[in-house]
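To keep things simple, chains are lettered A, B, C and D as they appear, and every chain counts its residues starting from 1.
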């Protein structure tokens, strides 16, 4: 299976096309089967992944527009591998847990197309192919929010689409410019990211390009002050939409920073550490406070998502292996935990048709299983050791401490503020007496819900206790990236700040 | 010296005449001054040594175009002053003046002409008409033929538009009118 | 020996999982029994390890597996059983075993009986991870783990509604649980920062590597690291200003208070300081700060205990006060004395709490000592236990507390910190007074409970038997002091009184004793013969100040919680909606409006179009002219 | 001595006059006149450049412009006549039927 990546991309798409002829009643089963096969394929990808190799693997290259160096160029490394796994897993689990009654068949097809674009973004090694999937991913999401959303769905969907689209257009200009510079320096057209990595750009070019890419990625992340589309999108999206949005789509932004901004513009990245860190810290503290003020349970999770993305951002700009590795790990952790939290909110919404916390209270007594799983996810969200949330957050803060202790302390308040809003949600919804009559006879988790959540709980604990199988490949690729970033950096400042771990400099040493 | 005198004379006259064309309320005055201006422009061409162009200018503009205008004016009531709601003069003079100012400023500046190379240089001792002819029928043959076809098309179009059945509207669908009338008749019945 | 380490560590974990299996089902006695047995196994393993370490003097060090490897960071799940950790292990498992057995009786009417055991065992597991870990990250796992278990257990009766602060100072169990968790998180941030400082300066978080490297580090770095770690310790050990959660945590079931909020978890901060003694002994300023803060808290907490009416809160304040003593000792460099006081305190304080639990059980959850009195008739065993514990707490000779507390006070004198010494001595007197005020008000005097229609009864016999080891230890633990010193100073720096102090030791002891006995005598005089309320005193400002905990919880609420909620709300409604989002929408609206306005250019009149075209042409001309001028 | 600039300036002034005409007039016929003025102004510039750079290209352009102007007049006048017949007026304000 040399072309496993193409299979991963196009299997769901083709299956989605075939889905049009599937009977409406069996659409759901069909979707779950396809998603399950896709997940198994991605597992196979992991098992055949050579963990000792830090470079790109399973590379595929087919020329698309040879005159301009546009190739269908795919590959995975330790950084993207697990995000792909998470994508396929969350799609599968999202489908299993899906509670939509209306137009299930269309939803399944949309989700399968969405899966194609998401996998495509994470495996693309050609900027044009990356951009193509990046923009394509907007369409199914637009459709999901706009067709199955709440009362303000059209507003939310259009806001989501236009906002992210605007950012990515600027990014496209940046990409074209990089290709132009590449052409003028080497005489060859190329859109391959791996070729671009070799490009040493002057600092002022780097700054401009960094800004262009930043806009595209930052809106997607979404960084403060570009975050306001997210609460609307989450607030209006159906549960499955929120799950995919929080788990995967936001990761595209942070993944973009790791894949493009850092290795291509090391000097600019180092120069931008302080502004980005300041934005991220504002994002962490400010959105944590906003989350605390929310009355709607889903909005709390939505804003907490933003807050956690801030942690991921500062980790990326820690410029050392601990920070970046921690960030990539935190992407997975946030994907799984926030995805699960959105699913949990969806479950209570299905029962009560409200997400206002004032409508709940005392649910722990009525729905103990639900409360337990919610509690575990909550603890993972606030970064409790031995859950998946801790590893990433710890590494990120540890990594960033080297850059700036003061900012680390400020960013570290996330562990306090996170606890404040999360515990307040838990207290308002689950603790206290059962006051509302409607809540007295709520059904606990059904088998379907349990089976979609239990794997996530298992992963949350497994990766919290034993993150090594995931952390090692990530680390390897991050180290390799740092090595060439340091080599490539022009300014002395950047060379100084980019810190290659000792274990990566001594080649061949096995610890 | 004569060239300078001629230039200034022609300049002053063309500017004056064209101003009349633009400002006059009477179509006849406007057309007359336009024709006169065009004659003077051909004068410029002669000063500049573009004899053939000057002649063409005279024939085409002063001859053909002006004749067309005169015929056209017969359809309109030419003696009457045109009543029109002119655009506010301030805007006109602002824009016109501004463009004149900017253009003049640009053209008054020094012209860097070192880089310019003649693509089709004129030849010493050869008449202008000969030069033009050679270039026109070699390098510009295709555009020339296209222009010829265009003129032909324009001629036919002019004839069709203004020619036969001039008492009938080309835009109104007469058949519809007929139907309307039939309907009206039916209603009347 | 490795096997024993794993047994000691994982028996509580197994117990927790086992109980969790039945977490949502009916009360099953065997769950409690199995949990207690597993805990006892853990205790036996710990005790065997203690003998092994005592006998051989070698520490047992095991590394289970890698946890986090990233960059140069290597964190394994490694466990070390040395003199310090084995002491803690033994104390923790012993007290836990007793508390587990006790809980079978205490929780017998609770429908969440199984869940309780699951949490309780999980707590013990976390605590074992905390004390046994061979690196700071592992310590942090345990540190947070006990925090979560504490959250679960304090909020165990989560179904109780929130009430006003006047009715119940801790509002509700769930409120208290959240408060405890959040306050601990504040401190945990400090602790994390400490870990970061150590990592970036040493390159490792393993105890042995860090402690080997600290002598070579810069003074500022050491001070920062020590201070940051101590902030972590302040949270867990509820030192001022992060102390309010401890008394509120009394909302949890009493066995929880005994185990977590008296004997084990709250001493984790002290344990951290003792564990990191190579670091703290290099930072005299920070250490002195620790000692001073400890002394202050000892006095501060004791003062609040003087007037409190809530049985459990009095004991909680006394815990706080005793933690202050421990920090004072650790800050002054007498690490082994601090550890000894920690162990001794664990025994008698757990006993005291369990006794209080008996009273509570008997009084149907009534905690106001003004409503008790004369309980000795029905509860003589409990009276005996609480009496012993109070004597030990008050520092009456030959009880456990006497030896350890006396040593701490002596240390303060020895270090020449006379102010600290004086405060500690006065506090010793206050301790004696409030302990016996509580004992006398509960067990002696008139039987006030009768007017509330309560029929108290003694606790089950097996519970009382289970408590007996604690009682014995509270009496005799002090006699093991020399052996203990010999044992732990193999690892910890030895601390000896100077010759001079040694000579006047008996005078110092006598002074403390006079204060202690004086306190008891005062309590006897005032409360032994029943409650005589003094309206004037109770209305005086200082009485109210003490009774309201110096108004600190109210201040926190008024100046931190409420403003935070207000600012958060403003951030959402004003900033996020009105500024950030409005800007985005504003841009969109601007574009839309522009389109709407410019649409009016489409008049359909050719002349207007021509005008616009001319405007455009002229603009282009101007631009061209300017750029030409700029280039030329 | 008369230089290229002189011709260009005259051309510019004539062009601006034509532009003013286009702006000012509402009568279609007068608009045609103004357009002719502009076209002729440009022709002067072409001829002048051709002369001063000794290159025939300018004159070529002028020829084609004249050709186009002639065709434009032919077709345009035809349309004007049709319009006049239909509306009885050549005033643009009366012909504003394209309102958006």
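Observations on the structure shown:
Keep in mind that, in the parts below, a contact is a pair of C-beta atoms (placed from the backbone, for glycine too) under 8 Å apart; a residue touches a chain by one contact, two chains touch by 3 or more.
Quick caveat, the model's predicted, so the values are computed rather than measured.
Averaging C-alpha coordinates per chain and comparing to subunit C, the farthest chain turns out to be B. The most central chain, judged by C-alpha centres against the centre of all protein C-alpha atoms, is A. Centre-to-centre, using mean CA coordinates, subunit C is 92 Å away from subunit D. Taking each chain's centre as the mean of its C-alpha atoms, subunit B lies 97 Å from subunit C. For the pair subunit A and subunit B, the distance between C-alpha centroids works out to 66 Å.
Averaged C-alpha coordinates put the centre of subunit A at 36 Å from the centre of subunit C. Annotation for subunit B: residues touching 2 or more other chains are 87, 91, 95, 99, 103, 106. Those residues of subunit A in touch with two or more other chains do not exist in this structure.
Counting partner chains per residue, subunit D shows two or more touched chains at residues 19, 23, 25-26, 93.
The chain pairs satisfying the stated touch condition come to A-C, B-C, B-D, C-D. Remark: subunit B residues 87, 91, 95, 98-99, 102-103, 105-106, 109, 112 touch subunit C in the complex.
Within the complex formed with subunit C, the subunit A residues making contact are 159, 162-163, 224-225, 227-229, 286, 289-290, 292-294, 320-322, 325-326, 329, 362, 364-365, 368-369, 372, 379, 382, 384-386, 390-391, 394-395, 397-399, 401-402, 405, 408-409, 412-413, 415-416, 419-420, 423-424, 427, 430-434, 465-468, 471-472, 475, 479, 501-503, 511. The part of subunit C that touches subunit D in the complex is made up of residues 599, 602-607, 610-611, 614, 617.
Residues 23-24, 65-74, 137, 140-141, 144-145, 148, 151, 155, 158-162, 172-175, 178, 181-182, 185-186, 188-189, 192-193, 195-197, 199-200, 564-565, 567-569, 571-573, 575-576, 580-581, 583-584, 588 of subunit C are the ones that touch subunit A when the two sit in their complex.
Across the interface of their complex, subunit B is touched by residues 1-2, 4-21, 23-27, 29-30, 32-34, 36-37, 40, 43-44, 47-48, 50-51, 53-57, 59-60, 62-64, 66-75, 77-82, 84-86, 90-91, 93 of subunit D.
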